[in-house]
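Supplied in structure tokens, the structure appears directly below.
Labels run A, B and C following the written order; every chain starts at residue 1.
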Amino acid sequence: MSVEPVLEVVDLVVVYDGTTALHGVSLSVAPGEVLALLGPSGSGKSTLLHAVAGFLVPSGGTARLGGTPVAGNGRPVPPEKRDLAVVFQNYALWPHLSALDTVAYPARRRGVSREQSRREALELLDLLRIAHLADRRPAELSGGEQQRVGLARALARRPSLYLFDEPTAHLDAHVRDVFLQELVARRRGTGAAGIYATHDAEEALGLADRVALLRDGRLVQVGTPQQVYEEPVDLFAARLTGPASVIDAPDGAGRLLVRPGWARLGGPLEGRLRAVWFRGPHSDHLLDTAAGEVLVRQPGPPRHPVGACVGWTLVRSWPLAG
Amino acid sequence: MPSGGPPAVARNVALGGVLAVVAVLVVLPVLRLAAVLWWEGGDLHRILASAAVGEAARNTVLLAVGVTGAAVPIGVVMALTLRRPDLPGRTFWRVAVLAPLVVPDFVLGYSWTQAYARAGFTDTALGWHWAGLLGPRGVWLVLVVNAAPLVYLVVAVGLAARAEPDGELAARVSGAGRVTALRTVTLPLLGPAVAAASVLVFVLTLGTFAIPQVLGTPAGFSTLTTRIYAGLSIGGDPASFLEAVLLALVLVLVAAACVAPADALLGPRLRTTRPADVQAAQVVPGPAAMRRAQATGLAGYLFLTTALPLAALSLASVTRALGVAPTPANWSLEHFRQVLTPRTLEALGRSLTLSVVAASLLVLLGALVAVGERRRSGRAMGTLVVLTLVLPGSTLAVALLITYGRWLSGSLVLILLAYLAKLWAVAHRPIAGALDRLPADELFAARASGAGPLTAVRTVALRPMAPALLGAWLICFLTALHEVTMSSLLYGSGGETLAVVVLNAQELGRVGPSAALSVVLALLVAVPALALWWAARWARARGVARTAMSPREVPGVR
Amino acid sequence: MTVPSESVAEPDGKWRRRPAPAVPAAVALLLLAACGADSGATDVGTGRAEPITLYTCLSDQSIQPVIEAFEARPDGGQVDLFRAPTGELNARVAADARSGGLRADVVWGCDPLTVQAFVDQGLVGGWTPPGADTVPVEFRTRDYVGGHVLYMVAVHRTDTAAPRTWSDLAEDGYTSLAVPDPAVAASALGALGWFAAEPAYGVDFFERLRARGAVQVSTPDAVTTGVAQGIYDAGITIANSAYAAKEDGSPVDVVWPEPGAVAVYGPLALATGSADSDVAKSFISFVVSEEGQTVLGASGAYPTVPGVEGPTVPPGAPVVSPDWAAIAADKDAVLAEYQQVFGG
């Protein structure tokens, strides 16, 4: 039995000022799922989110939210009629409203009474442990506190889809837990989903159920974090998703991706230690080898001085296309 | 070290300097007027108690309230409509709404009678004329139409320097419809700009003279300013002069009584709004039908309030006489010939210099007050500079002559001082509105990166403030360029301004040459402005300005 | 690096910071002061007496030829002109009087009331030229002498009937009329004074005009403009303005109604502070001389000296003169009565 996706975009094209920002992107997000949009700046992440949210009218393609067309089929649905919430890059808090009124805003728009919406808002602030800041305005809040207010406002909307437009700071552990629990707990119909745009691979891989890689307005790869990390489709995808060493294949047929943990020190191959960084639980060793540079991650402190000749072993690799 | 000297001392010296200028331009002249009453006495009580003065005062305040109440919403709607990049013909409309600013007041009043009064344009073409034009309702309407572009300019500047570009998007995506988002987020955030515009319009209307004179007098509608003019005009009589001075001071008190509480209550509150990154707000695209409706509404409004009266005016400038049909058979360039003589060209150079210098100094002075009033010790400055704005030109000129005439009578410096005093508040309010939106952190960041205070302002603050500074400069420049009353009272031999030369050649009130003058001035402003605009477009097409444009400024297409 | 250049080279240092706002201001002031000063410096070359300053409300078109003719005379001298409408002129005189004294040597006003008020304040008067007796006695006093005359006449649309007498204006045939405001224009006050004192008219005349739909506009020029535009059928205005509109081609005609156009003369007075200025005295003498009056008449103003050629006067046109002394005495009462009719 197939479940209706929360979001489905097909061949989405966005053009502005004569420049094509999205070239026919197709994606779907299932209930309960978090999709990370990973790409360098200018790759079209924000544009895609803005088109989904209704801030932009796409020039081609369609978007459906919970099966309902919102763009591309006749008159576009305005943002307030779309079942989604956005956490903005700089949080977009309103300078003239207190944290409480900001979070109460979506409920007020649903027609809930002032008292009731404030009560709900206070609960959300409490959930995010900032109930004591309810009366403050944005100017009186720290960056992290502003982020929590921004998220609380999105939660107050109770949407089926959350959009995170590259929040300036990473979600801290507590905020992330609250959000993920909300996705699971929200069983309205089939469940809520989230799209998280970021250029930070670590954050994307750690948070998402699936990762979509974007480059110049095109999807490069969509897969689980493990897939995109271990089996990137090309060099671009490999570099985007984490530290990557690229060496010549021993048989001379193309090139191999080696992640830091895929090689270890000691073994038959030879290399010269060019640099070494102590990282606490492990140390990173950069080796010059006949096949190219290799980054080797080894538990414990550094064991060799820079410049030493060391042996190493290739445990695992992934052949890169192209 | 780049920053020399103790900053606190420098700051106090700067503040002291601005306060000294306020004293010279505003406080001393007003006090000098008060001293005239004090020394020469007269039966002040009788004047104030007279029914006619009471009625004029009531008319004045009601008019100011009515004009502010109508012009501010119109200006705000204009600004909100015109910021939509997807509005058909937007660039044209943005220029067109400013057209009334180019025309001197009394010519504007005349252009309305030419369009809508008996025997006017609509009467000739459709057999319809508006009897109410000559009377309080006509005065109100023309003043509203005249003030709306000013509100538009101030509010548009506020919109261009928005603290929170995504605020409206956040409201929409939180479930607010277009109207609700406007009510709950956009308008509250526009507070400072709307407050600045309201104060300006209110005070300008209190002190307006030409339009009540042209359109109000025939219906027996008098205001404090028309009574002041009558007091100055009649018979060189010392008692009339004292009455004029007294009424002028009443105007100053009314303005102070209305503006001071507003500034004291609103000022600090408006200033606490969080400044963040300054960017143009992104606009959610609306349905195409709505855009067309907006464009149509705007076109209709501008056609009736601006195009038709200005067309009547342009026709008057090329029609050889009043009251003959404005058909090609009656066209002549006689009025232009009268306006464009060697003497006027010489005066034109003088007027341009004077207006450019005045506008540039005014922007500087306006910015200084906007900065100064943020300190406790300088808080009242913003209110003080309004006092000379409300004085009718004739009274302000008299005040300056009495105060400084001993040394400066007949020199252009005195005219310059008059322009500075009259227009200071006009420059200050929009700049203050935009400054409230400037993030202090950005200036601190510049200072921490090694910039001195001036360099910090130049490199960091100037760009986001540019629309406000340019807007203020433009209003001051245009107003100074066609200013008549003060310069015709203050000029000296060989120092005539353009308006003085043209109006002296004829008796004041000859409409044909005045209309021609307005057309010349409009072209004088429009031609360089268009050239600049084309140059900017060309530069942008060449990609010069491209880097300066962020994608945010260019929302959805189609 | 030398010491002096160091202060200049310092990019963001001390010297640039505070003077910056002051420098453009100072430059501007100097520039403007220089502009204003040019004309004052030119008389050095002529090697003649100090220039005199003339305050007047006569239009440039009328005053410039007179000044040129005077400056060309052997006993002439340079005349610096300040020309402004009566309101601005009065305001300037009032301000001068309160800041070190009148800065004019000669005042040439447009109505006797204004100039008489200046006499009463001790600003002007006390001298008239020996040749003043060529000017009719009703156009002069011991303190000033009339240089030109304004005639209050009737202007009407060509498609309405011409009024023969003033009272015709209050008869059928005119649906809308305009009169100038006597609280703004002294010429209008002169006319009001004459009507009020004339038994057949009185302030009642204005009441009858009002009943015919007359409205009050600010100045005589505004009356002419309104009638020429077609807003009003007819009005009371000054002859110069009415004839100018007619000559431009506006569909209006001018009538000097019975019992007469009201003559408002423009007095020339010597400033009390310039009692020993020969140039100022010879200027006044020149204006009322036959030569000066001829120049004035040719430039569009009505001369005061009889027999000198001036602008259009219909043959046999009747003229009346108000009693200015009586008007000055009754001004407030008459204005109050009048304002019962027109308000304001």
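What we mean here is this: a contact is a pair of C-beta atoms (placed from the backbone, for glycine too) under 8 Å apart; a residue touches a chain by one contact, two chains touch by 3 or more.
Remember, it's a predicted structure, so these values are computed and weren't measured experimentally.
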item: Chain whose Cα centroid lies nearest the overall Cα centroid; value: B
item: From chain A, the most remote chain by mean C-alpha position; value: C
item: Separation of chain A from chain B, taking each centre as the mean of its C-alpha atoms, in whole Å; value: 50
item: Approximate Å spacing (C-alpha centroids) for the pair chain B, chain C; value: 31
item: Inter-chain centre distance, chain A versus chain C - centres from mean C-alpha coordinates, in Å; value: 81
item: Sites on chain C touched by chain B in the complex; value: 11-14, 16-18, 20-21, 24-25, 28-29, 31-33, 35-40, 53, 59-61, 80-88, 90-96, 98-100, 103, 109, 111, 113-115, 117-118, 121, 157, 176, 178, 181, 183-186, 189, 215-219, 221-222, 225-231, 240-241, 244-245, 248-252, 328, 331, 339, 342-344
item: In the complex, chain A residues that touch chain B; value: 14-17, 21, 47, 53-59, 75-76, 78-80, 82, 84-86, 88-90, 92-96, 105-106, 109-110, 137-139, 153, 156-157
item: Touching residues on chain B, where the partner in the complex is chain C; value: 2, 4-5, 10, 13-14, 17, 36, 52, 110, 113-114, 117-120, 134, 213-214, 217-222, 226, 229-230, 232-238, 241, 244, 320-324, 330, 350, 353-354, 357, 360-361, 364, 368, 394, 397-398, 401-406, 409-413, 416, 451-455, 485, 488-495, 501, 504-512
item: In the complex, chain B residues that touch chain A; value: 163-167, 169-178, 180-181, 184-185, 188-189, 191, 272-274, 276-277, 282, 284-287, 549, 551, 554-558
